């Protein structure tokens, strides 16, 4: 499978999910074993009651990016499903956009483990706001 | 503080967050140390690419309900912030609505631990689809 | 397979591990989908520097009991392996013994999720000191 | 406080715990915000029933090293306590020794988050066998 066809498959996986469209996640770049994604923040949509970006937005970004990263190293007939994830919210997430880099830590036959880091950007400065470890099952259709 | 004023405070906490309004979370019932919440599922909004309810929807519900449950046992001048959570997706989430029950496991002075169970409902049958453990910091403003 | 042969298999699994012998874990009772285990605490062996029972002792008990609980619902040719676990230490663990009850939350073909609760006993009073969620892979030999 | 006195404090914290002495953990090097530790593996002591190093050994190393790393950036009157940790067992742990590097991800006033990586060494080759994220409470005595 060429890298181009992998990338199209991942883009489809990443962007065809209604909840991902709702939340406004976009892909920045895809490589073998990793992906970077972005959400442009709209306060009236992504915030919690105190002006910070909601943990659920960060978790959705970290989880979905992890699934995409896992898919970059899986055969095309494999479906990736999140088994579980854990996310630490390291500091208040404030800013105009979130970016996430998801990296495969270990690609196994049936299980792939991915690490996702999420940064909040404000005035071109970024801060690491959350970090997730995601366990993905590789399921044969 | 009366139970009525606690409940109003929790409702405000729960429902004033823009992302929670976006996702359509509603409160069903509030008690001391617990809360039950609900999201009526709209496939074009809450699904992932395969017709299941997105893990991010479940995680947002589990996390936000946990924060509300923690707030029911915190003083009114305390702000609850999620430090981290871990969620296991136990089976595909399929159905017309999700309900979540969040229960305080341990209420501490500075840290409260909450457990959230999420069920998917289809044709009046429910299945436990995910379970989260959430660590909450109690922060004095 | 009879319950008796399952139980022998689990006892072998549980007690043949050198580290488990070192730590002194014993089985109290086994059922289908659950197990209860115990460690009699020796301060000069199981404590941390401050007189509490070390988190590593609790984690080992929670993880190993979870593997045994998963094995009670797996075919006899399946090997259970921990993929990951998360443990919340809810309060200082003080006492003469720890008990753990591990319950299968969801038994899948390739993945089983188990919940372990750990109690510390002092003068016949027990306190829930930690709670773990454990993801187990069912591997065909 | 000088680096030398910090290091003595950490060594005392690290090595005075009976369970840590039992398990044979040693410190290799200490810096500000990080520590490296080691366990020389004795099969008759640290293994599980299948010849791999027990998850409980890895978890104890990852957790205890994390507490030490957190202590390197805490004031000397602060006690560090593990609130929770999550560990992914990435591959079977086989070898003559385990090493762990724990790095502070975020040092807060009341909570510090640490990441621990554990490698197994065999014939001078190392493999990353597990990775933990540890949430530590900084408690004033």
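Labels for the chains are A, B, C and D, by order of writing; each one numbers its residues from 1.
Everything that follows uses one rule, which is that a contact is a pair of C-beta atoms (placed from the backbone, for glycine too) under 8 Å apart; a residue touches a chain by one contact, two chains touch by 3 or more.
Here the structure is a predicted model, which means the values were calculated and not measured.
A.B. asks: From the centre of subunit A, which chain's CA centre is farthest?
C.D. replies: Farthest by centroid: C.
A.B. asks: For the Cα fit of subunit C against subunit D, please give the angle of the superposing rotation, nearest 5 degrees.
C.D. replies: The best-fit rotation has an angle of 180 degrees.
A.B. asks: Hey, how far is the Cα centre of subunit A from the one of subunit B, in Å?
C.D. replies: Taking the mean C-alpha position of each chain, the two centres sit 22 Å apart.
A.B. asks: Which integer distance in Å separates the CA centroid of subunit B from that of subunit C?
C.D. replies: 29
A.B. asks: Any chance you could list the residues of subunit A touching two or more other chains?
C.D. replies: Those would be 83-84, 86, 88, 113, 133, 135.
A.B. asks: Classify the inter-chain contact topology: is it line, ring, star, complete, or other?
C.D. replies: Here the contact pattern is complete, since every chain touches every other one.
A.B. asks: Note which residues of subunit B are touching subunit D in the complex, please.
C.D. replies: Counting only subunit B, the residues touching subunit D are 83-84, 86, 110-111, 113, 133, 135, 137.
A.B. asks: Which residues of subunit D touch subunit C in the complex?
C.D. replies: Interface residues on the subunit D side: 12-13, 16-20, 22-23, 43-50, 54-57, 59-61, 63-64, 79, 81-89.
A.B. asks: Can you check the complex and tell me which residues of subunit A touch subunit D?
C.D. replies: Spelled out, the residues of subunit A in touch with subunit D are 86, 88, 90-91, 105-106, 113, 115, 128, 131, 133, 135.
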